[in-house]
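Okay, so chain A shows up in both of these, paired with chain B first and chain C after.
Coming up: the complex of A and B.
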């Protein structure tokens, strides 16, 4: 059936929703393109035949054209959704993708990711005063100024903005300014306790 | 001396109390971080969580450090003391002179919320640096004048000795006066020692710290069902670890019940979301963990029932079977999980047991305990006693090389109401502990290892017993000691055994050759639960120079070198005779 293979691509995409990004299905894409090329050639042949005076080919041309359009839509949808997923990952994982994700990208996607990275970095540098602003830091607006944290390792002394010195010792619990301890949480020194 | 201050924490919390009515005035203007030192028990953990939520309401910065013993306390204070002006101590610090021990700067203030009694007199009368968060009615401290003499009078006597250049006749009169004064002083000192001895002789426990802090939250209108549940667990902990007598527990439960009905009073139950915490008051069977076990196992592992039936004997087992048969509970049902028991039987068990009780010599107190349940979401009801046991067992678990503070945090997770996994793990652990306890009790009884030394009973867990690592922790050891004593009294023909206290030792560290020793009061004094072993241990140790370590906040638990055991016990026997 026409456009069957393109639908498979979409199905594959659908199955992976919420999971990890599946590998770029290059074979299938090539097959779809091949199908489109064949359809296109036939259409051209029929069109030139019609121009030459033959009749009764018109409905065939229309069916093939519809199939071509559908294939195109499916392919674009496939690519677009993958790109969207990759974009999401940029905000989640930061500028360096985990290797197992990177493995599943095709070359063009890697290139796109690099360019997107650069754009985002440029933009973030240009806003929020001299140092720039890391937009990926607070994806949701924080509810409280202070957070409850647990210390996971012996980190030693930590000086807060108001000049107090806190000893971050393993298994002690603290109530600290969110902005101060955020990087420590990300480094895995502190653990944010959510109730 | 303004001891009518019921709870006085300047800058932090300020509560003035007349004896009957409590007036609350709360001033939170903390600029500095607060250091909170928490002891290792369930009550302290609950109190700590209540305090945390109060701090979080007002965005007061804090640091919480769990401490095992006095040494740990000193270290934690030294490490964290920089820039700290306020130190709150939960269930630690009351029964020794805190200023003497920690040598703090003069502007550091200590707020002690501790259920250990007696409170060291220096803590009571140091109005500047030490504030006690306790109920005034529970502090029967000797009068100030009996304990301390004003500096003035000493200065006077100092002047007297210097005034030798005065006229002779006057001096003679002065001598008389001086002699008189010296005599008076001697008498006063004698009296002081006596008063102090009487005051310090027994250690006991006051109100639960969690309950106190909950009441504080209530006075501040910041109480919630969650905090209430923590207070309930704190109070239950005191019951389960034999800290307070049953009457005191009932009293606390009554107080809590009024809070429960206040918080859980709704006209239409269906209106509240299922995701709210609901607390109910009910009489509960005093069977350990039966909701998470089989009824039969639970009966065999609960102190009261097990001792009444003497389940470790063949005859006892038969009697227990008879008891169950008479209640109309098929054994197949009793031995399967309680949750999968026939629901027609399940709903009625409490009443049937109550009916059959008198025939088997069981009393109301053995079987029924007023307690509370919590319901959260669509899950099973949780009983306060089960959660307390689960929490305590996680606190003293030793799996995969956890250090003490690790298990402290894990135990905190058990108290978190949404953390179901931690709870299940805790209950599993508690079951293991109970099994180890009953096995050990059986060993004691079968081998006749509970020996009367005259003024007290004693028993030692042999090195190399499989479950020995369970008993290297104070709370589990406490429960084992209690179980052993009750079991021993129930089989012993000697009528005196009820009036004898028990000393129990468990190997702590094989390489260092140390023992963990606990002393518990006799069953006949159960209404008071006053423990004299704290002082007795100290005296026996100092008179024999035994290498002991009185590091625990509970004075009746100590560590000692195994080699010094015999000489220490000789001294203890002669001391108590």
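Coming up: the complex of A and C.
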């Protein structure tokens, strides 16, 4: 069926569970583009035949044109929604993507991520005139100044704002400033202990 | 709140005489409005800047304070809270700017010189670059490879626009009479509501949008 492959792309995104990003399906995208090319060629042939005097080809042209439009829309939706996911990950993981995520992106998407990063950083630096504000911090309303956290992985040394150095070892527990360890919690290095 | 009161005095020499607490409550209102409104509201740049200054001054005060002072931790928590409101406010604006970038830039182009812009200069730069970035991505990966006559990206079709007909909760701050809620149609007459201070309503966003902007109602 016409435009079936493009719809598959959308389905694939829709089925990916829990905000994970499926690999960029380059083959499928190329197939869709190929289908569009063929459709367009057929249309041009029919149009020139009509101009030459043949009749009855018009509805065929219209169907193909509708399929072309649909393919275009599906492709763009596919790319756009992937970008939305990538953006979400920027806010979750910070400016460096985990390798397993990066593996699923195509090259242009990685480049896009880099540029978006730069854009965001520029904007955040320009807020309020002096020094800027890191918007990726303070994602949740603060309840207490300090939080109890447990280390999930060996992370190594960590210097706190007042100059103390603590060693983040697996399974060790610490009492830290919330603003300092928020990033680490989101990256999955620390776990917030809620009693 | 000794340091807050100190700060009030210091900020008194600015053009507008507003206490720190007033600025904060204004900012909180702007934050809630921004959070619940469907489209982008006017940027409250001066509030943001003022609050940023307050934060850095308060931080300085804390540094000067004795270590281990009980008041310090309370002030620090207060700063954290203010910073959360501030970032959350700017974040929700940024999300909308990204979502409606094309639409906002169109509006910006049509805007007359005497109308205030919805975007702050920094946000405008961001919107412009973001829009360009997204378009070039779509063009590089897909549009470029399509047959020539459908390569164009028509903003009329593709731009994401805010849904102004969404219903919102609102509280009335000032008595407002004769708000036209429903235009006259063939089957029904027009619907006009008088709003009294303290009332709460649920209605479509479109008719109350100007009231939100003027501060006569706030969204909750």
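Everything below uses one rule, namely that the second predicted complex is superposed on the first by the 136 of 195 C-alpha atoms of A that agree within 3 Å, B and C clash if a C-alpha of one lies under 4 Å from a C-alpha of the other, contacts with A are read in each partner's own complex, and residues count from 1 in each chain.
Convention: a contact is a pair of C-beta atoms (placed from the backbone, for glycine too) under 8 Å apart; a residue touches a chain by one contact, two chains touch by 3 or more.
Everything numeric here is computed off the predicted structure, so don't read it as measured data.
In the superposition on chain A, contact of A:169 is made with chain B only, not with chain C. Of the two partner chains placed around the shared chain by superposition, chain C is the only one that A:115 touches, whereas chain B remains out of contact. Put simply, more of the residues of chain A are touched by C, taking chain B and chain C as the two choices.
Of the two partner chains placed around the shared chain by superposition, chain B and chain C are both touched by A:145.
Once both structures are placed on chain A, chain A residues 144-145 are touched by chain B and, in the other complex, by chain C. Of all residues in chain C, only 48-49, 52-53, 56, 73, 76-77, 80-81, 83-84, 86-88, 90-91, 94, 98, 122-123, 125-126, 129-130, 133-134, 137-138, 140-143, 145-147, 149-150, 153, 158 touch chain A in the complex they form. Interface residues of chain B, counted against chain A in their complex, comprise 32-33, 52, 55-56, 59-66, 79-80, 82-83, 403, 405-406, 408-409, 416, 418.
Here chain A touches chain C in the complex through residues 29, 33, 36-37, 40, 68-69, 72, 75-76, 79-80, 83, 87, 106, 108-109, 112, 115-116, 119, 122-123, 126-131, 133-135, 137-138, 140-142, 144-145, 178-179, going by the rule given at the top. Chain A meets chain B in the complex at residues 144-146, 148, 150, 163-167, 169-176, 195.
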